[in-house]
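The first chain written gets the first letter, and so on, giving A, B and C; residue counts start at 1 in each chain.
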Amino acid sequence: MPYALVLPGWLWLAIFFLVPVLTLLSVSTMTGSLSSGFTQTFDFGNYADGWDKYHVVFIRSIVYGLVATAICLLIAYPVAYWIAFRGGQYKSSLLFLILLPFFVSFVIRTQAWDVVLEDNGPVLSALRHIGIGDWHLISQDTRILQTSYAVVGGLVYNFLPFTILPIYVALERVDPALLEASSDLYASKAAAFVRVVLPLSLPGVFAAVLLTFVPVSSDYVNASILGGAGNTMVGSGIYTEYITNGNYPVAAALSFLLMAVLLVGVFVYARMLGTEDALEMAAG
Amino acid sequence: MIPTPPDAPRPGLSPDLLRGLTESRISRRRMLGLGGLSVLGLAAGCSIPPAVQSGIGSSRTEVAKFWAKQKPTKQLNFANWSLYIDVDPKNENKHPSLDLFTKDTGINVTYREVIADDDSYFGKIQPILANGQGTGYDLMVITNGRYLDQLIDLNYLIPLDQSRMTNFYDNAGPLAQNPSFDRGNTYSMAWQSGITGIAYDPKLTKRKITSWQDLLDPKFSGRVGMFGDTEDLPNSAIVAIGAKPETSTPADWEKAAAWLRKQRPLVRKYYEQDYIEPLTKGNIWLSMAWSGDVFQANASSGSKLEFVIPDEGGVIWTDNMCIPRHAQNPVSAMTYMDYVYKPEIAAMIAEYVNYITPVPATQQLIRKDAAAASGEDRAGLLDIADSPLVYPPESAFSRLHRYRVLSGDAEMKRWNNLFEPIYQS
Amino acid sequence: MTTLDEPPTDRIARTDTAPRPRVPRRRRNLRRHALPVWSGLVILWLFIPIFAMIAYGFNDNPNRINFEWKGFTLRWYRELFAIDDLTTALVNSLTIAVIVTVISTVLGTFIGLALGRYKFRGSGSVSLLMFANIAAPEVVLGASLLSLFLTAGVPRGYLTIVLAHVMFSLAYVAITVRARVAGADPSLEEAARDLGAGPITTFRKVTLPTIMPGVMAGALLAFALSIDDFIITNFNNGSTLTFPIWVYQQARKTGGSVPQQVNVMGTMIFFFGIALAVAGAIYNRRKKV
């Protein structure tokens, strides 16, 4: 019975996810050119070529990813905690409120930030007024757009729900009786948090990191809308090699390299947390 | 290291789940083994076929045979860049020259401004044409340079029907006739040409800009715009270091790339078509630019930008009409291509587009229109007719250079790997 | 997504046997308010672009070159379909999203049901598959699918977009439904079977209503993911336009300004989302009887 249920979906994913990823792996070791075609030569040089050309962008993407994920965690945890423990009957409404902005296309939302953060837009004009005499909070020349701050800010903004939700789910499962027990044992609120709630929420934190770090590092749209010279991310490199240069093997090699690095990083993190079954938690 | 309470009930971790975990580990291993085998199998078998298509034929007779089989139709699907055709001032969606065409020939035109840059448009149509399928368009406008070269080499274009090009041969100027990138106009007819130079806002730069080296001035740090592409950016850099792109050597390319790398810290962003707005808003003070854009920006937003062909020289390019293979209405495409070489029609387009029109006779026509108009309209039309950016004098051409033609995959790869990282990293 | 049938979180019970440490009143109030204030600020921040978008839908400024506010107008609401390509792109996005939602909800619900309700060999690898699909970077998903289409010679367009969208939303529906199923009580279905109901009847009359909130949540998620997708679509759309792609291309062409119709459409999609969720909540409340 379960097999009949699983089969259609499994087939779909097998054909349009598994096989393509395997095809990608296969393309990454091909040689050739657009006009003469590509044949399999088991040439791993494409990985070296991709790294040579894009290692700066690659490392930058990982760095932006780490920074953005860290910021997301810091912002998301208190919010998730508040909804899970203090939300009461309004829990679903609050969650809904958090998710509501994301019903609008993220291209529109990021474009809107492009307008709001304009050099002479509302935010910067207001900030320029802050000052006494000769001292100003920001100089006349300061800009937000086309800096890494804008890109990381955009990334944090666009992926925050991916961080909030898993942490919320984990926190929500925490049995309030545990907190009762800890206060019965004279633990302060802070201690109760650090020694009871936080460890129990770790699988959720892990899932949040996974679901945030991976998409953030591989995003390139935020960088192209809000970023400038020196802010590009590896996703655009992959797109360029595919669509502009028609250099499929290097493009495929880059994609694989990215996925490998991200997933390895995540597994290492899982080991560090000591939560091997966090994977099951995350998948569940 | 945060200690996990050993005996605390972990939510959701039931004995069943533990069993499930151990079960899955075994089948995971089996999955990996199966995966490995299938990878090898797939890998050995897969390949991506060559993109080159068999041509229609290079000899006159073969081309004539092709065209003899084509029947006239009542539809034309035209893909173009944005802001590249005349527009009805009262309705953005209407184009008077297209309406006139429909009235004169009965052919209905679907006009789509789908081309944002050659890179991505080529990237979109290449796989489709490689498959032997149609792009959905009968007519498209592609810049001379690597993409047009590739389209020709891969046999993705239909050779033109020379018998349907009377207006062209009567009225086309020297820039359009028999260009170096398409001898005999076998595959293309010029739509508009343009110059890549520098545009700037004199109020913000506080001085005249005259040279490519001005883009290296530390006073403009963070206020410089450049193009993020493999055509204008590298070729302009080659001009900036004093070489001629058409005859440049790989050593020149290295020098040009070094120049660009030196300039990078000053650049705010590597733009595509979208540099003109930041320029009018003051986000950037000077930028690599296309000659016609400044005209249009000043006209529509009241800005006072200036465009200059730098002392070292500028780059001249031509956007060309061409017909992709498997077009449904090739005869309509030919009809239209020749139609726009009628001076009256070319003038309609030139009055709006402000790039270098391929029909020199339009200059007189525009002057006549100016004489018949008055006030602002008259001044605007005279501006166009008298502008060296729309009708460059002979002397200007000595300072204008064509793109480097890249032959072969090795050259293209080298070029790409040298210049793409400049704006991609 | 949680439903409203959760008991309210218990406040920490005070016992009389242990004296509580005395905390000065003011500090306790401040700490109490820190969390809500923070969360309120975050929510406000999340809505800034939305407010900007709704506001610009009323901006009487057709000029594409600058963003200044030029007065209030309903013009863009009237001229909503003035730009043909934009309208086509929006229609494409909506129709694709509907088709994708239907297919992935059905397929995903089945998988979620199977994973949550039954224990079977291979359930672990199916879980892993779902998980890998969700965790994989969009760029890789899009690029690999493109590789497949290239080697198989499949032309890219509307169909390939649908195939791609179902591929990445399936797993989200599956895990949403599974979470719901795992928490539900199987004894109801046992009871139905004891009373002689066949599997299909059991499914229709007992299982489905029980998991319906999860299915609805999954469907909503699939719809939102499909209508907003950019990266995977960008690799596999050929020349078919969807709403996010049109907006992005337009912004690249003009340096950031998009026609105000885009803001109006975004506003309408936004309120549509509210309407859907409200409808879902009402449906839930009624079903609780």
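List of remarks:
The criterion applied here is as follows: a contact is a pair of C-beta atoms (placed from the backbone, for glycine too) under 8 Å apart; a residue touches a chain by one contact, two chains touch by 3 or more.
The structure presented is a predicted model; accordingly, all values stated were derived computationally and were not measured.
Of all chains shown, A has the CA centroid lying nearest to the centroid of every protein CA atom. Comparing chain pairs A-B and A-C by the number of C-beta pairs in contact, the larger count belongs to A-C.
Chain centres here are Cα means. That of chain B falls 37 Å from that of chain C.
Chain A and chain B have Cα centroids separated by 33 Å. If you average the CA atoms of chain A and of chain C, the two centres end up 16 Å from each other. Within chain B, residues 12, 20-21, 46-49, 124, 281 each touch two or more of the remaining chains. Chain C has residues 122-123, 127-128, 150-151, 182, 251-252, 256 in contact with two or more other chains. Counting partners per residue, chain A has 19, 23, 27, 118, 242-243, 248, 280, 284 as the residues that reach two or more other chains.
Of all residues in chain B, only 12, 16, 19-21, 23-25, 27-28, 31, 46-49, 82, 92-93, 112-114, 116, 124-125, 127-128, 131, 133, 135-136, 271-278, 280-281, 297, 300-301 touch chain C in the complex they form. Put simply, chain C touches chain A in their complex at residues 1-4, 6, 8-10, 12-13, 15, 18, 21, 35-36, 38-39, 42-43, 45-50, 52-53, 56, 67, 107-108, 110-111, 113-115, 117-118, 120, 122-123, 126-141, 143-148, 150-151, 163-164, 166-167, 170-171, 174-175, 178-179, 182, 199, 224, 227-228, 230-231, 234-235, 243-244, 247-248, 251-252, 256, 258, 262-263, 266, 269-270, 272-274, 277, 281. Across the complex, chain A meets chain B through its residues 19, 22-23, 25-27, 29-30, 32-40, 42, 53-54, 56-57, 60, 118-120, 141, 143, 145-146, 173-175, 178, 194-196, 198-200, 202, 227-230, 232, 236-237, 240, 242-248, 274-275, 277, 280-281, 284. Within the complex, the chain A residues that touch chain C are 1-3, 5-6, 8-10, 12-13, 16-21, 23-24, 27, 75, 78-79, 81-89, 91-92, 94-98, 100-116, 118, 121, 157, 160, 169, 172, 176-177, 179-180, 183-184, 186, 188, 210-211, 214-215, 217-221, 224-225, 234-235, 238-239, 242-243, 248, 251-252, 255-256, 258-259, 262-263, 266, 279-280, 282-284.
Taken together, the chain B residues at the contact with chain A in this complex read 1-5, 8-13, 17, 20-21, 35, 38-39, 42-52, 119-120, 122-124, 126, 130, 150, 153-154, 222, 226, 230, 264, 267-270, 281-283, 409, 413, 416-417, 420-421, 423-425.
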